[in-house]
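Single-structure report; data block below.
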Amino acid sequence: MEIKLAFFYILAAFTLWAAGVVVLGKNIVRAAVALIFAFCGVAGLYVLLDAEFLAAVQVLIYVGGITILLLFAIMLTSRIGATAARVVNDQVALSAIAGAGLLAGLCYATLQGIPALTGPPRLPETSPFLGRALLTTYALPFEVVSVLLLGGMVGAIVLARKE
Amino acid sequence: MNETHTPIPVGTTVVVERTDETMEEMYVNMGPQHPSTHGVLRLMLKLDGEYITDCVPYVGYLHRCHEKIGENRNYTQVIPYTDRLDYLASMSMNFGYVQAVERLMGLAVPPRAEYMRVILAELQRIASHLIWLGTFGLDLGNFTIFIYCFREREMVLDLFEAVSGQRLNYSFYRIGGMAMDFPDGWVENCRGFLEWFKPRLPEYDALMTDNILFRKRVEGVGILPTRTAVEYAASGPVLRGSGVAWDLRRNDPYSVYDRFEFDVPAYDSCDVWARYLVRRQEMAQSVRIVEQALAQLPAGEIQAKVPKTIKPPAGQVYARTESPRGELGFYLVSDGSPKPYRYKVRSPAFVNLSALPEMLKGCLVADCVAVLGSVDIVLGEVDR
Amino acid sequence: MMAFADLVQRLYALTTSWGIPYVVFALVVMTIQVGVVIAYIAVAAMFLIWWERKVSAHIQVRFGPMRVGGWHGWAQSIADGVKLLLKEDIIPAGADRVVFVLAPMVVFAASLAAYVTIPWGPGLIVRDLNIGILYMVSISSLAVVGIIMAGWSSNNKYSVLGAIRSAAQAVSYEVPMVVALLGPVMLAGTMSMGKLVEAQAQGSWLGILPGWFVFPQLLGFLIYFTCALAECNRLPFDIPEAESELVAGFHVEYSGMRFAIFFLAEYANMFVVSAIATTLFLGGWSGWWVRLPGLSPELSQGLFGLAWFQGKCYFLIFVMMWLRWTLARIRVDQLMDFSWKILLPLSFANLVITGWVLVAGRQARLVALGILLLLGLGFGLAVRGRGRAAAGVVRG
Amino acid sequence: MTAEEILGQIQQRFGDAISAAEVKGPEVRATVKPEVAWEACRFLRDAGFEYLNCLSGVDWTTHLEVVYDLSSLQHPLKAHLRVPVGREAPMIRTVTDIWSAANWHERECYDLFGVRFDGHPDHRRILLPEDWVGYPLRKDYADERMVPYTEYGLEEKLPRAEGEKPAVKAAPRPAPAKPAAPSPEAPKPS
């Protein structure tokens, strides 16, 4: 159990460090690379929670897909890599309040032990259960999310094809 | 350090210029140091996204004022310089030059010498097309065809070496004849090579012509319409690839070309594919010509009587021959002195290259390499 | 599981009796496992590099390396490795040093991590994860990150272009690849690499063919293999490093050991994709075996399994080399078209028909299998299609 | 159509502007004044000479000459048109609008002889660098970097042809003779 805990702290520290670079880094490409590491750290946390499927999907979708596209967009935008990104803007106070509120809420939830946040039952293999749950109990939310994604995709195409 | 970090192009410049709100035009330099420009050629490509809207070739990096040098040498001394024009087809360059001088002098060449010239020039055409095929394959990412072609070219070079002692710059043609006769057994060796070479052509087909990936890269790419090709005075495989079956060996016969039976392959799809097919078929036709010439090869003199110092009568001539790359013209003006008063080379690659912007317009950037490869330039000849 | 797991258990019992905590033991075992994997990758990659040179040479009617080491230049890769190790380590002046140094490590780590779930033989697997195949796919997608890092940090336009192309290619080809991999996963009902092989080891198709998934999933196999070529940046999909267009693409500025690591990772990656194809489609380590004299049946089967697995993997790698030295490179837009307009619909068709097979009755099953087989054969033939001159001939 | 017929038509059409004309084999040869050179070219193009083989310059020391070699892909005839232009500020109308092939040939002629082509779409040097001074193929061109050519053997004894001056003396000159014509401002590529 101690090993698990030690790994948790290592991973958490790594994730936080990477996330810090993402938020505070001045170079946008470096920030994007750090984002990849942050996602990997989160995937590691998933593994510690016995959610291997989620971890693999996290790496596949977020690292292999989304961040790559992000980097792609950065590189295609001419010379954006050269300009130092502004770390702080006018809404810093507002976002700080929002962040602090979220943190407080999470701390409260963790300490109070809200039932939904207690550990899931140990399963020998998570993916069949996940699949069944998505296609039975949570079929409607799942479809709603797909429609949302479809809408996002259509919107992106419309934006890209301006003429 | 990181604040100023940006991918600065190496050896290239990019100017982004906004012509209006929606369209961005970009200038991209290709070359002069680039693996696919076959020498030091620089292309300034004007891009609209992935498409080429215009192209400006910059030539002259190899310029050595060949024509000025020629005017300061006597007629015989010019021959080695012609080798260096199209260094992949030196025999053909020699041929064009000596033929022009002979026309100027009104000199008749012994038949055996004429046949030797034709044999060597056609072998040279095969070697030159082989190099083209190999490097074209290389441009499109097919490395194997390159090695195959060089294997056969090596054999042609061996034949040339046996004849002239040289492998690249032969200087073997003389005004009024040839430097030496074929050595003993050469004709048999040459026949052996042809027998060996003929079954190799289907091998190239298997690797290139019948390969669907290759065809997807070349079909419908780099269109040069027939009319434009004639306007630009394109010649050789570029003209024949634009649907004009025009070959000086057939249409304005020189030497003894009127004694052979051969086809002039031409294809009317006007694209890279057509130019590829023309060169591919021409190798087979050259084999036919060499075979007939070897069969008809007469015995006798190989050198006409020429004075020790060649002084053509005052006058001028524009003599053209069909080099592997197209119409090779020599414009000579003589004032009766031992040196050419004016010596001008109409190099086929130079003229064909001037039509390149027409072929590239509307092409994808990625096709640029294929189109440039299909023109088959040799910059020693373009830049002179 | 047997022999290897037994050994670990016994060792664990031994060490705990000495009073060594489990942590230390686990770390030692992990280190040994990683060491073995790295050693295998290094040796295999060196062999593959030598082999590729020999294969290409013999395809091109030449000999390739013949001198170093005596017999057919077998030591050529070692000599090259030593040379690359001893070379000066150059980091371009304008490069982003941290990212530049990190990039080869990311690429190599990605292909290294994928070796964890390769089933080498019966029970011979470092960790048989429940999500084995998903893990492999997701880990190998990390390599693109390293490529982008390398391309961007080199501060060279060709590198950036290569990296961008590489990213576009990887994102495009990952989709049909994963969908194609779902076919065998559905047939076996598991994502564990070990169980996938076991599902193929039993049973047979039509009584004569082995129970490999390549027969019902021919289309899936071809799609996967095509995508794997693209993932490995091999010809005809080597656009990220097309030397006639981009000189060498993303690793143009790398030299010495850093370049060697990219090189190593490329061949390690080739092995990984071949191992996935072998495991999912070609029955992994399953195959004919006999009891070797003086050995237990398990050990004999293990040895045969190891040989089968290696043999199938290297055969696929050979096919990849063969393709590389025969085909021309395709164009960027054709690459994208091929992925999104041909491979993706086909892989979805494969998925749907496979699902139909699994839930339908016997009659429909045969029909569906027939459709799948036809689609697979059609795909194979279409790629092979022979060309005829489209241009009209003008006779002079 | 025969060569004689074409020659007759040219002479009839341009009259005095033709200073010399002959038919040599399949080739029509004519010397035309620069004022009507473009019209003559246009006429020949319409007569079937749609193929511009070559456009060259010649320096006759007294004047320059632009030479057009034309042929046809339909009939075996050829045409050889010579247009003398003055040495000082030579100028002639471009034929790029008749044959696109003339584009690079004219640039080369300008580059090496200094003949300017009025109306040329891209009037720049082509083979030499854009900042080059002088026109190398003119007979009086001199450059200190040129390697003197020592002749040997028979050539020493031969009389030199009139008008052919040695381009360079045996010893390099202290300064190159700058040509009279100023280096024209070449339009910069956008």
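For reference, chains read A, B, C and D in written order, and residue numbers begin at 1 within each chain.
By our rule, a residue touches a chain if its C-beta (ideal position, glycine included) is under 8 Å from a C-beta of that chain, and two chains touch if they have at least 3 such contacts.
None of the values given here were measured: they were computed from a predicted structure.
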Could you tell me which chains make contact with subunit C and subunit D both? B
Most widely separated chain from subunit B, with each centre as the mean of CA atoms: A
Based on Cα centres, what is the most central chain? B
Two chains sharing the most contacts, counting C-beta pairs only: B-C
Length of the line joining the C-alpha centres of subunit A and subunit B, rounded to whole Å: 60
What's the distance between the Cα centroids of subunit A and subunit C, rounded to whole Å? 28
Distance between the CA centroids of subunit B and subunit D (whole Å) is 25
Approximately how many whole Å separate the CA-defined centres of subunit B and subunit C? 44
Check each residue of subunit A and list the ones that touch at least two other chains. 27, 30, 75, 81
Can you pull out the residues of subunit B that are in contact with at least two other chains? 2, 5-7, 244, 246, 251
For subunit C, which residues are in contact with subunit A within the complex? 22-23, 26, 96, 98-99, 102, 129-131, 134-135, 137-139, 141-142, 144-145, 148-149, 152, 160, 163-164, 167-168, 170-171, 174, 178, 191
So in the complex, which bits of subunit A are touching subunit C? 2-3, 27, 29-30, 33, 36, 40, 52-53, 56-57, 59-60, 63-65, 67-69, 71-72, 75-76, 81, 124-127
Within their complex, state which residues of subunit D touch subunit B. 50-54, 56, 58-59, 67, 69, 71, 73, 76, 78, 80, 99-101, 103-105, 112, 125-129, 136-137, 141, 149, 154-155, 158, 160-164, 167, 189
Quick one: in the complex, what on subunit B touches subunit D? 44, 56, 59-60, 63, 65, 67-68, 71-74, 228, 230-233, 244, 246, 251-252, 308-309, 316, 318, 320, 327, 329, 331, 333, 335-339, 341-342, 344, 346, 350-351, 353-355, 383-384
Under the definition above, what is the set of subunit B residues touching subunit C in their complex? 1-2, 5-10, 12, 14, 34-36, 50, 137-144, 147-148, 151, 207-217, 219, 240, 243-247, 250-251, 263-269, 271, 273-274, 277, 364, 366-367, 369
